[in-house]
């Protein structure tokens, strides 16, 4: 029962800063830069010199923080979190950082990722009398750290991390220290930067650029970093494994101006587009990309194949949460929502339409339809990543990618379903070539959702659970 | 350190209903009727037949619930809470009911009152590895109930209640049962009502009237009531002591239409006014009361002494949280806020001004001043309760009543300070006579704040702690 | 057609101040004190020394002004308005003051009351090319003043006033002067006050008390007052007639702390109660009043007849616009809204229930019902004003009082309909005695709605029009 | 005095629909598509079959319309407006459509553009007794149409249009007809479309695509189109002059997916980029564009010159009105706002930075600076339009372009000021070539702001007035 107490599948962004007099405000800007990683909720915990103090809320970073006066949150140390969750429970309790107070001091935790054995660990803890208020994996880690009344330290954290299996990055804050940790396979990104005398930690480097901080280095797989007034200390809490940085971070999740494991995201996407052009050229007049995440790949494709890149689809920037959605009747009559084809560009043209991925196929079908309605003579769909065949258990929302079209249909069928004149995917080799310059233990990507090879072991019944859960919820694929 | 993890002093209102198809909505109306018991936050937890589901927020009941669609909260069982707290931490975490989920089921708790040994119990729990997210006493009880992984039952709750010392009423909800408990001295009120087939529990009977429920009986001191589909079951978790129902509930806290321990609040106030007229008559032209809580006593005084009762002070009903407060300069020039004297009534008159109590004296001084400015020839202040000399540790906000004027000044000095022509208080005997018809073990009031005789033992350092805490915060006395 | 361009029937409050550096802010407090006169919209126009600048909005004064920073509205002169309208068009355009700009300067107008010949005047103006944006009578006056390109002056205003027939008070502001006018019969109240060096004008004197201003005098019927840096100048624009101050201002419309034509409203209500006790005594145990406007009369009745006044009905102060109204089903089950009877007081008693007036009878019926349900043995309804038999055309919302129960039923029938044990009204003589101390040309009340004697002539088809209009709209009688 | 009653300089968007049962809702979507033309306010007027009914507000289309329930606005005919104004007066009164009611019927007006002789006309009208509530030119036209009590008709509108000199498009709605007009030089765009049986009129064709309407034709210069249940009728109200469609509509104002005078905006921008590459090539590694309006030109430049186009600057999509702007201190420390350079792309590169125009130069300077800070070796600024040397009086905000850098500095000085390694502009010939395929009376652009050749005569003191006005206000150039 109770899906909400399992807590897998969270794509999020985390941010921390140690040693700047405007810690909370800079955390706001850092989270803002990572808004694309989670629009469901945001929070910040600041150390005001004496104790930890939090503010969090549901909604966008701006919505949450407009209610907060930074003057009420002085302090030189802060951590923050933006949250996206695939699960129904959009409740304030689950918004992070989680903040616990005890008579000996406070502890705040922020996590990006998933713990595979959370359900089992939670059961064991509850058997022993632990009570939990959230359905977040993060609360499980908090209990493990404090188990038996232990104090929060690098040692108690390392012991707790050794009990969990997962794909995660953590920031943990006490009144005295800030801790950052990355799972042994390094499935998610986490970097350290420097802003004058302050240390900064963030899921994506775009947060550093946002606040004018310089990139220092990545947190390494299996590393626990301790930041305090004494500076940075580091230790291994687990043996390092082959790096398996999530390929989807490059394909669509991260911001194009971020660098992940020293590779710029826009550049990798452009390379994917170029690889795709070499693997699957199309005889056409123009190349267009589906905004926003497929623009880089489309430009790369156009450059490589020597066709003009055109702005064939416009994304309406003003469609927000207050947008009144057209009724079914009006949509059938042609009222558009977020994406509009540009008739003046499309009409009479043979179009290559680049998209970053296909999940259920519904969105692709709608866009192809829009293009044909706008007068496109042919639409050749080119996907800048390989087919998605398996669910992700490590924090990327593939539950919403549930009726995975590629898992159930041949290429020809897909072409038929979405109404394209031709469809082609990038190969796995092409994807890897575009991202990984030289494959070493330090460089490597997780392609579990394409290959089914999961680097972190799954619980026995993982597939069953996902199937159940995904029957209820699902990230909207966006509106066309 | 960390005042926020002690958690004493909470005046609140609790409400529960078992067996009505509109449980959440009726809880809303019940809480609404008890809005005066707490404006800081409100929450509801409903059992939708399978699991417990909560909604809570900071602000008035209306503010919190306008964001909630009752259609999303189906279910026949619900509990709710309105919160007032004397402490700084107006944070969403502390808003009740607290809701905990485990793989075996959920538990929600709502409390009115204070636990005396919460600090010590919390320390012990933390030593053993418990971690807490709130500074509420209620979380301590939750941990005691679930200690060692016990299931929630009348037996585990009774064991937990036996570990705490305090002045409290509790509602505890699981997927299967609802529990209601009152401390052995019965310091706070808690009643059971009936609405068709449903059972209702509420801090004040006005909540029953609001929803059209009939009063059934009071929960008895030391009683643990279990409500389920099998009906009501009851047991004693502690020996019953002399009833010590908080006198301040009658004096100013409760709504005039509520009955506490079978005594109507308005009627008791009118009696206090009559007693006061007998004890301390004044030679005057008219009698006025300070709105709203002193109106009943003023009418009683006027009736007894044979003077006309007049509406000499008007309370502006539209002063809400969006009211723009006049600057000091404008206030000095006479711009009023909430209370305005009525010149047409006051001018040239000798006035008896009835108030329910004096705390720091600042408000009394302002009102006397207003009356004199409006042309009152004499102002005779009559207080419908005895002098407050001691802090309350049981949930009534006497910390804010910190610079207790009566504890530090003689009657003559008080008269001077507030600028009155005479001042008199009701005697303790007069108060008791007005409230308690026949003093038995079932009838009796707590007058600790007037006498210093505390029915529930205090922790050794209670007075010291209060002194510290109260230096920082304080309920505003209201605006004149 | 187009009901919205007729514009009769407006109960409102107007306020003006000349010569205080915080003019806009004081206008806010003044309007706030008169919030009961109109909750539909509010506005202010300030003269910042060079030009007139306005801010207005729909909703309560607080709602409108919380969006306004008074620092953006400097200036020593301002006028303001709170609006209640009986008509459908709750649109921002109709919110006053109306503000017009021309190359020669600005003009702002605020009105309380109605112009009888507005429809005809509007037609004539439109024939000549005038175009209008509002359905307000006030815009008609503006056009009359500026007709033929005249400048705004005491002379052009007096000429315009002489063209209109009505029951009105006006405030008109230019960059150089402020004008205040009252119709020749003085049907509505308008007073002048003094706050240090500043002059203040307001519909009710409670606005003076609110800001600490002293009452100076009433504006006289047919008087046009000009306020400028040269002080106050006055002139007659029409012969003074017998004063006919609206009786309903005393009965329920004005605030009890206001003085109208030197008579305090609370005192007049108490007198109405006493007269009523003498005219229509009841054999009963207690006297109660329907909150808020009938409390004074109830106290007077109780004093005169020697029965105890009790708080038998409670009005919930927290029911605001965000209150979620109970469904019909829940109301039938007994869920209360604004008014709750106090069982502890009512039960087993013979009750005199004082109300200020009966309109359609529905509210009275509900309250009697509530009292009987709460255990009242007998309910004797006593109305502190005479039966309402005719509509009002002068600005009091009798259109909503459309199905006037007293116009269509005998006293016995009314008693039956509302379920009371007896019903009695105050006589016209009693009403007049309670309000008018010595009837002269200066003292006198309009009782058109009781007698059908209209002091200002009506247009030929007035009754027909009202009948049409009132079929659509109507002020809610309030919730019980 | 009184800048606000002159009313020049308005860039706006207008929309109208005749004959669709969801007229108001479709107007919402149409306005939404033209949101970029005005973010200050929006409004709609619908004909519900009997009368005109309006709703308008300050803010974005979504903000204004979320408060409006379309069910309350039934009707098959509607017009709407989005407003941008260069002047201080962001007041609700100025938001269009303006709506006037008379006893004979209503009239609503919406305008895009400016009337040159508005000040003089307004003065004449006021001399004759007209009074005005807005500072909008549009109200002047309304008075001209209704002058002498005339009815609204094609004839009275044509007469009124012949009295005004300007650059304008108008939509005028009565209960019976909808009128659309374009000034004789056709300075602004206005098109007619078809949605099933309905006629649609809009400033930009992107509004047609948004609602699924088909483009029919442009409104011609000097044409007055009458739409009614009888269909479309057309007449000339003035001799047609050489078409002078504002060049800036192509350069930056319109949406890339719109077609203006049969030329697609994106395509024209790409052509500008290509022309620019031919005229002013740069020896560099990559080409980048300043988002959003310069992207098309940058892609064109890159294609023509054979360099890769890269996403060197990211625009943060989530910066909205609730964004908390970094303090000066934090901005100096490098905290970014809307635009962030992508270090991973820029570093070590020689960059061609394409922008659509330079106004004051401040923004260009900031962006060059950002690029250099991000490690660009060289920055070659290329501007895809000619230097702006003169103010615009026809509705494009050049008052904010007041300290026109190009009017006061040589190319070398500009290069120095903005810190670039080289700067070049597109020539006038290049611009014309990119937009106008064959110059006829039907095709031609207004380049007054570049050449000083104003197609519509200016009032004598136009330059003086602009100088005054622009000292106070100014469109923000956007945040970097």
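Lettered A, B, C and D in written order, each chain numbered from 1.
The rule is simple: a residue touches a chain if its C-beta (ideal position, glycine included) is under 8 Å from a C-beta of that chain, and two chains touch if they have at least 3 such contacts.
For reference, the UniProt names are A, B, C, D = Amidophosphoribosyltransferase.
Here the structure is a predicted model, which is why all the values come from computation and not from measurement.
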Could you pull out the chain whose C-alpha mean position is farthest off from that of chain A? C
Please work out the Cα centroid separation of chain B and chain D, and write it as a whole number of Å. 60
Separation of mean Cα positions, chain D and chain A [Å, integer]: 38
From the mean C-alpha coordinate of chain A to that of chain B, what's the distance rounded to whole Å? 47
Mind pulling the chain D residues that touch 2 or more other chains? none
Is the chain-to-chain touch network here best called a line, a ring, a star, complete, or other? ring
Name the touching chain pairs, would you? A-B, A-D, B-C, C-D
Okay, in this complex, where on chain B does chain C touch? 22, 25-26, 28-29, 32-33, 35, 60-63, 65-66, 70, 195-196, 206, 209-213, 255-259, 264-267, 270, 292, 295-296, 299, 303, 308-311, 314, 316-320, 322-324, 326, 330, 333-336, 340-345, 374
Which residues of chain C touch chain D once you look at their complex with the stated criterion? 1-2, 4-5, 50-51, 54, 91-93, 98-104, 107, 119, 122-123, 126-133, 135, 142-143, 146-150
